[in-house]
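The same chain A turns up in both complexes below, where it pairs with chain B and then with chain C.
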Partner chain A sequence: MDYTFHWRPVFRKLPDLLEAGLVTMEVAVLAMLVGVVLGLALAIIRMSGLKSITWFAVGWIELARNTPALLQLFFFGFGLGAFGIHLSPFLIVLFGLSFNNAGYLAETFRGGFNAVPPTQVKAARSLGMTPTQAYTRIVIPQVMRVVYHPMTNQMVWSVLMSSLAMLVGYRELAGETQFLASKTYRIFEFFLVTAVIYYVMVKLILAGSRLLSWRLFRY
Partner chain B sequence: MDSVSVFTDFQFSDLGFLAEAAGRTLLISVLAISIGTVLGCVFGWVLSATRLAGDATLGVILDIFRSVPLIIQLILFYNFFPIIGFNVSPFVAGTIVLIFYTSALVAAVARGGIDAVSINLRRASRSLGMTYWQDLRYVVWPVGLRAVLPSWAGVALGVLKDSALVSVLGYVELLRASQILITRTQEPFLILTVVGAFYFALSFPISRITARLERRWQYD
Partner chain C sequence: MIEIEGVRKSFGKLEVLKGIDLAVDKGEVISIIGASGSGKSTMLYCINALEPIDSGRIVVDGVDVHAGDTDVNKLRRNIGMVFQQWNSFPHLTTLENVALAPRIVLGKSRQESTEIARKQLDHVGLADKFDVYPSRMSGGQQQRLAIARALAMEPSYMLFDEVTSALDPELVGEVLDTLRLLSEEGMTMLVVTHEIGFARDVSDRVAYFHEGVIEELGPPAQVIENSTSEQTRRFLANVR
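Here is the complex of A and B:
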């Protein structure tokens, strides 16, 4: 083994890496928020049974779940160029991740809503609750319990997937690492430190989610 | 336009090129899924049998594969081999990483499957005179499999799609092939659509079959 590790260039750039880690969190959280809104819409459309728009939701969900996330990213990056739409790297990543998140979350939400028997709504209504009350007090809390864990997982996936951004030229954590690694030729060292940062970020998300779940589901 | 164009349109023969690349995607996925599943089942059994000790050692290691983006793992391993004096092809490096990645995901699934079999059922089989291995083979395996087959299928589908990331090492699988064609034809939309269709054709049947199996197993 005639390779000498050089860690100093990495540690000198550590602030840059950590800052890029924040960019990763930003884009992952944004994509998650957009994904939740779109996923909820898709789930409602799919459950509505309206033939005219169900195909759209089903198509989105199946495409998002059955093609690689990287391909989806490339599609927003290069594919849309054919129509003269040129997105910034940030938007490519945001749209790509949101598209993917929405597809997965739609199925999560559908499962969550299916887990609450419709008779419960009838029971709540017959007890004198308004439809809004029945939903906010009976249905939503139970759905939350079912979808909370899968949503946490999706958030983790969102962070992990955001690393694909390096391939479309966005400088989040992975992209920044590649940029710095190619400048200094310390590829292994840089990516090892980045791997540690990703690991810590994922653990923080999981810990945060656990804390929040204690708070949310006390009874 | 009289000048010679370096770009040529998408031709029918390019479909053959893509099909060949799809074959490579399938090859690397099947290798990773089959070997990774066997390894993952062993890991899952170790985790389930050793409890805390396993969680603190093997569990932590496997957890790393699930908490670091696959693309970073691939780049790390690919650059690690030359450091210890081996030069490996992108295919070998990619396959090894995918195998461990799969095994880490399957281990969690397998462990869940083993834990899903109630301890009373296992005690009953043991008290009927079955050996530990007979209990594992004829009681835990069939019962646990039903519980976690959908999760396992999810992992397999995920690995099939994640195999696209091996393209960053330079292995010409489906996604890399699409990049090559896009560079030549300058028709990104068409080619990405075709490649998307290829991926869809590979993964959609698996998800349908498992969905049907899941439904059938629920009722008997």
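Here is the complex of A and C:
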């Protein structure tokens, strides 16, 4: 192997990479928040059993889960672009990731609600609780516990998936790495360091999630 | 008092209650026996409006349970219910399980509702389990927790829906003892049960349900020991 490593160009640009890491976190967290709201809405629509609207939720969930995330991103970029709707790279990534997150989370939430026996609601109502009290005090806390770990996984997935953003021209961590690597030709070194940064970010998310779960779920 | 008049109820095409009449006096313990599917449990669910009825009337302390303008949430405060699957709230400690409804339904202070919960848990013999989560308790303990939770609302009536059917045999006794204790304290109780011995020893009256009607109603000495009904006798012979 006659490849000579040159780390100096990478370390010189480390602040840029870390800053790009923050951009990654930002877009991943935003896409997660939007995904949670939309995913909850999709789950409720799907569980409603109203034929006139369930097709919409089912279609979304099917597409999000069974097509490559990259193509979903391309849809919001090149796809909409073909119809004259030109979104900024940031919005393409945010919409694409949110679309994907929402599809997966919808099924997570649906599973969570199905995991709480309907008799829990009956028991709560038999004590005189209103439907709202039964849901907020009894059902939702139990759903939270069921969906917590799948949600953590989705957050991790959201971070890793955001690296696809470099293919629609967004300068998050992967995009920035690509940009800097092509300027210096230290491609291997740059992507190795970036891999470490991703790894650390994911580990931080997992550690934070674990700490929070100890605090939240004591049963 | 609970007055049940001509109650009919169907699930789809299946009519499970075909005209039930029953009056329950204050302080009375009525055991409801009968085969699965005879409508016993459905009857209980109709009394606190967890199930709607198709026709007839159920009146509890002068309030028509199924009238459109009845506040069922208020009504249910006065009618405790314990289920076959005890339905303890798994995310709350025993103390929180019991204290929750007095606090958020009756609007009692946190301190007051906790005090009520302590008292009721002590009442059913769970004084050593205040801070335990239900998953750490046996079925019998969880069922007694469910009883304490219902009692914490200080109801005038208690409905028990096959509360020992899902329990391991060795845990049945502790739950039946709790029911006995309540009956001695004068609680008005409707007990759907397969425990014929309990029905005989504790109830003032026994109702035998058969295919959606009350086939026989009377003191245990009559219904269980000297039934004149062929149906009742055949059922009792099978469960004993």
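Note that the second predicted complex is superposed on the first by the 218 of 219 C-alpha atoms of A that agree within 3 Å, B and C clash if a C-alpha of one lies under 4 Å from a C-alpha of the other, contacts with A are read in each partner's own complex, and residues count from 1 in each chain.
Following the convention adopted for this analysis, a residue touches a chain if its C-beta (ideal position, glycine included) is under 8 Å from a C-beta of that chain, and two chains touch if they have at least 3 such contacts.
Predicted model only: the values in this text are computed from it and were never measured.
Asks: Give one of first, second, both or neither to describe whether A:11 is in contact with chain B, with chain C, with both, or with none.
Replies: After superposition on chain A, A:11 lies in contact with neither partner.
Asks: When the two structures are overlaid on chain A, which partner does A:145 contact: first (chain B), second (chain C), both, or neither?
Replies: Only chain C; A:145 stays clear of chain B.
Asks: Please indicate which partner A:123 is in contact with in the superposed arrangement: first for chain B, second for chain C, both, or neither.
Replies: Touch partner of A:123: chain C, not chain B.
Asks: With both complexes overlaid on chain A, does A:79 touch chain B (first), chain C (second), both or neither?
Replies: Touch partner of A:79: chain B, not chain C.
Asks: Going by the contact rule stated at the top, is it chain B or chain C that touches a larger number of residues on chain A?
Replies: B
Asks: Should A:56 be classified as contacting the first partner (chain B), the second (chain C), both, or neither?
Replies: A:56 contacts neither chain B nor chain C.
Asks: Looking at A:185 after the superposition, I want to know if it touches chain B, chain C, both of them or none. Which is it: first, second, both, neither?
Replies: neither
Asks: Please write out, lowest number first, the residues of chain A touched by both chain B and chain C across the two complexes.
Replies: Touching chain B in the first complex and chain C in the second, no residue of chain A appears in both lists.
Asks: Report the residues of chain B in contact with chain A in the complex, numbered from low to high.
Replies: Interface residues on the chain B side: 64, 67-73, 75-76, 79-80, 82-85, 157, 161-162, 164-165, 167-168, 175, 178, 182, 187-190, 192-193, 195-196, 199-200, 203-204, 207.
Asks: For the complex, give me every residue of chain A touching chain C.
Replies: Listed in rising order, the residues of chain A that touch chain C are 117, 119-120, 122-130, 133, 137-138, 141-142, 145, 217-219.
Asks: Mind pulling up the chain C residues that touch chain A in the complex?
Replies: Those in contact with chain A are residues 48, 50, 73-74, 76-77, 79-81, 83, 85, 87, 89-92, 100-101, 104-106, 133-135, 146, 149-150, 153.
Asks: Could you pull out which chain A residues touch chain B in their complex?
Replies: Touching chain B from chain A are residues 1, 3, 62-63, 65-71, 74-75, 78-83, 156, 160-161, 163-164, 166-167, 174, 177, 187-188, 191-192, 194-195, 198-199, 202-203.
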